[in-house]
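Two complexes, one shared chain (chain A), two partners (chain B, chain C).
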Partner chain A sequence: MEEYKTLYLSEKDNVAVALSEIPANVSVAIRNNGKEIIVQVLEPIRFGHKFAVRLIKKSEDIKKYGEVIGAAVMDIEAGAHVHVHNLEGKRGRGDKIVN
Partner chain B sequence: MRIIRYINERNQKQLAALSKSDEIYDLPFEDFLSFINGMKRENQSPLEFINKLINQKSEPKRNMKDVTVTIPIDAPEVWAAGVTYEKSKEARNYEATQGKLDSQTFYDKVYDAERPEIFFKSTAARTVGPNDPVNLRSDSNWQIPEPELGLVIDKSGEVIGYTIGNDMSCRDIEGENPLYLPQAKMWKNSCSIGPAILLEEAVTDPYELKIICRIYRNEHIVFEGEAQVSQLKRKLDQLVDYLILDNQVFDGTVLLTGTCIVPPNEFTLKDNDRVEIEIPRIGVLSNPVKLPNPILTKAN
Partner chain C sequence: MSIIWKEKEEEVTKLLTENMQFYGYRRPDGRVGVRNHVLILPTITCATQTARRVTELVSGTVTFIHQHGCAQVGIDYDQTFRTYAGMGKNPNVYGVIVLGLGCETHQANRVATEIAKTNKPVEVVSIQDHGGTLQAIAETAKIAVKMVQDASIVKRELCDFSELIVGTECGGSDACSGLSANPAVGKASDLLVEQGGTAMLAETTELIGAEHLLATRAANDQVAIKAYQIIGAMENRSIQMGVDIRTGNPSPGNLEGGISSLEEKSLGAATKSGSSRLEEIVDYAEVPTKKGLVWMDTPGHDIEQLTGMVAGGAQIVLFTTGRGTPTGSPIAPVIKISTNTPMFERMIENMDLDAGSIVDGKESVDQVGNRILREIQHVANGKLTKAEILKQHDFGIWRIGPTF
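The block that comes next holds the complex of A and B.
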């Protein structure tokens, strides 16, 4: 298995970040604190972009670097690219804040 | 270890670590603060993280000279301290007494007082980065760069990095009346920061940092001066303490810590000069000087 570099900073995260270009349909090992998860990456992931490390259900929080960065707008399969097409930002949404 | 941003192939500002030999390693974070805050949440040292990242990367490295480096941080606010060095006190006294130096001034008082002079210098929209022009005011005939060490702080006032700042100043406007200070200090492109942020944990003693300033006219050097942060009358953390006292500061605020390098009294910057400020462990902040066409108002 070819080694693709990724960053999985927090065990709370449900996405990992690519540290090199990852092509579609390869197995990638995600490591954090000695634990390892193998994810089958489904589509090409560019440097700095993120992919799901497990199934993320619609409306579930998306956590990157230990922080909620948004919510899934649809079910996101493990290994899928997580980006604006399936992630709704939670920051700066004044229309969703209840005062 | 230093942090920069450069313009990548997709025309975006890419955060990156910069090694001692100016090699660039992309960081998978949006900006300096998301990097620092992400590290803090996971109890990781930013410096160790970068070293690990560099060690595990096999991709070809780029060098700083091959990319366009841009402002390292969009500082929401830039504040500055004044009269923190003896040289600065002398220069301000020269302006305030029209060169006579015949009386005690408020500059003498503030130099010795417990409370430092801290003023609001710039906002993100007014602040420029490396190689961007710094502007001259059209209504001043005595303008100088002020080369300074900048502290990058977070919203609690903790120093998270060091950078270089150019606090462009109008000596005639400030000297005429201290109430004109905001006009002597703040206008479009009157503040420049960069080119890099030196990580706080990479610095054992910030007072050992050296500041060098060079001014070029038609590519000939017309002024050169240098100083050491240890000549500072006050302590850096004391300046931060007064900035955050009863105040609200934001992540990524920059506090400029005052100047110790003052060009000769007869010197004034001119259109097309170039100002270079170097702090050897941080880099060289270089900016061309421009006198833009003023917008006509009743003041001119």
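The block that comes next holds the complex of A and C.
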């Protein structure tokens, strides 16, 4: 298995960060606190971008740094790219105010 | 005083016990500058071109271009006034020539009177009173020649790091910002605070989603409450406008770099504050009354934030960037720190330090934080930053009201 650099910042997180260009359909290891999880990455993940480390259900909080960075707008499969197409911010949302 | 840099963890311990010093310019009000500029300060747009021409004629002078100073009222008038006066009062400035047109709301005389409270040399020139552009250029240049020569005989003296206010800022962030350069700046910020100095956190917009972490570090309840208040006020501006804040922040470049939401950007940005206790929250362009870690309420806009911090007395600014920016100030050296090595190499003429070594696993956050503190010392002693060499004299005021 080729080694792709990743960063899994907290055990509370449901996403990890790619620290190298990861192609589709490869297994990558994510590590935190001596524990290792293998994730089958489903699509290409660019350097600095995120992928789900487990199934994230629609409306569930998405966590990085052990903190909330937004919510899932759809179910996100483990290994899928997590970005603006399936993650929405929860703060500063003037567009969500119904008058 | 100088210690040869060794890439060892023990160096951090050494820095903590060592009393760090630099050679600075002691001003009449007791504050210490790391530069010795003569500032041509136009209080109104109409005088900015005249000011620029003077800087072309007289070496040792600086100025800035802006579009403000007239038809402003209330708190917006006050904030612009405080910013002008703060730029003049900054201890990196030896003396100031305040340049007005004559009929503007931000009267040159009033700004000069405020700056003169520091007892530094201050003069006023008015384009209308001096018979037009050419006479005003000549008059300002004549005063500037004498002021620059007077400035040049001021000697640097040995000062403690406790005299420093260092602004921290991130701009053009990428996904590495929160992993490499920002935590390294946080380490440098902690080391500076250990030295009795002041580290200034800002960009309130880019702390939305991280306020709970900062509030738990507040020195007292009032500071904790204020943290939630200024975050609430900033967030409310987007809610009042009925827009998703993500349409403006994170920026397209942030998104391209892998940042997906403002909260994600904020959590990375907040690491610049290190782990010190939060002593005080100050308004835009206001000088802190406390030493240690302070937070200035500014927007995330790079230049408006930078200007607020410099007007608030910051002599040096640390600026992390992932996408790469040329940002600089006419008054304060800005140390540019890259979050990733490819950009550092690509934009070497704009970058001062590289923190990409953390992402590559070659250096620890503490080691880079250490290097940043050393760079602060070098720059305080007179080493020029890339932004200074490239004359990147950015200036922008956070306007909080309409122009009338």
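FYI, the second predicted complex is superposed on the first by the 93 of 99 C-alpha atoms of A that agree within 3 Å, B and C clash if a C-alpha of one lies under 4 Å from a C-alpha of the other, contacts with A are read in each partner's own complex, and residues count from 1 in each chain.
The rule we apply is simple: a contact is a pair of C-beta atoms (placed from the backbone, for glycine too) under 8 Å apart; a residue touches a chain by one contact, two chains touch by 3 or more.
Bear in mind the structure is a predicted one, so any value in this text is a computation, not a measurement.
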Message: I'd like to know which partner A:Leu87 touches here: chain B for first, chain C for second, both or neither.
response: second
| request: Considering only the touch criterion stated at the top, classify A:Ser10 as touching first (chain B), second (chain C), both, or neither. | output: first
Q.
Contacts for A:Val68 in the overlay, against chain B (first) and chain C (second): which applies, first, second, both or neither?
A. second
Of chain B and chain C, the partner touching more residues of chain A is C
Report task. Could you look at A:Pro23 and tell me whether it touches chain B, chain C, both or neither (first, second, both, neither)? Result -> neither
Dual-contact residues of chain A, meaning touching chain B and chain C, are 7, 17, 19, 47-48, 65, 67
Chain A contacts chain B in the complex at 5, 7, 9-10, 17-20, 47-48, 65-67
Residue positions on chain A within touch of chain C in the complex are 7, 17, 19, 46-50, 64-65, 67-70, 82-84, 87-97
Listed in rising order, the residues of chain B that touch chain A in the complex are 26, 28-29, 34, 37-38, 41-42, 44, 53, 56-57, 59
In the complex, the residues of chain C that touch chain A are 174-176, 178-179, 208-210, 213, 235, 238-246, 255, 257-258, 260-264, 267-268, 359
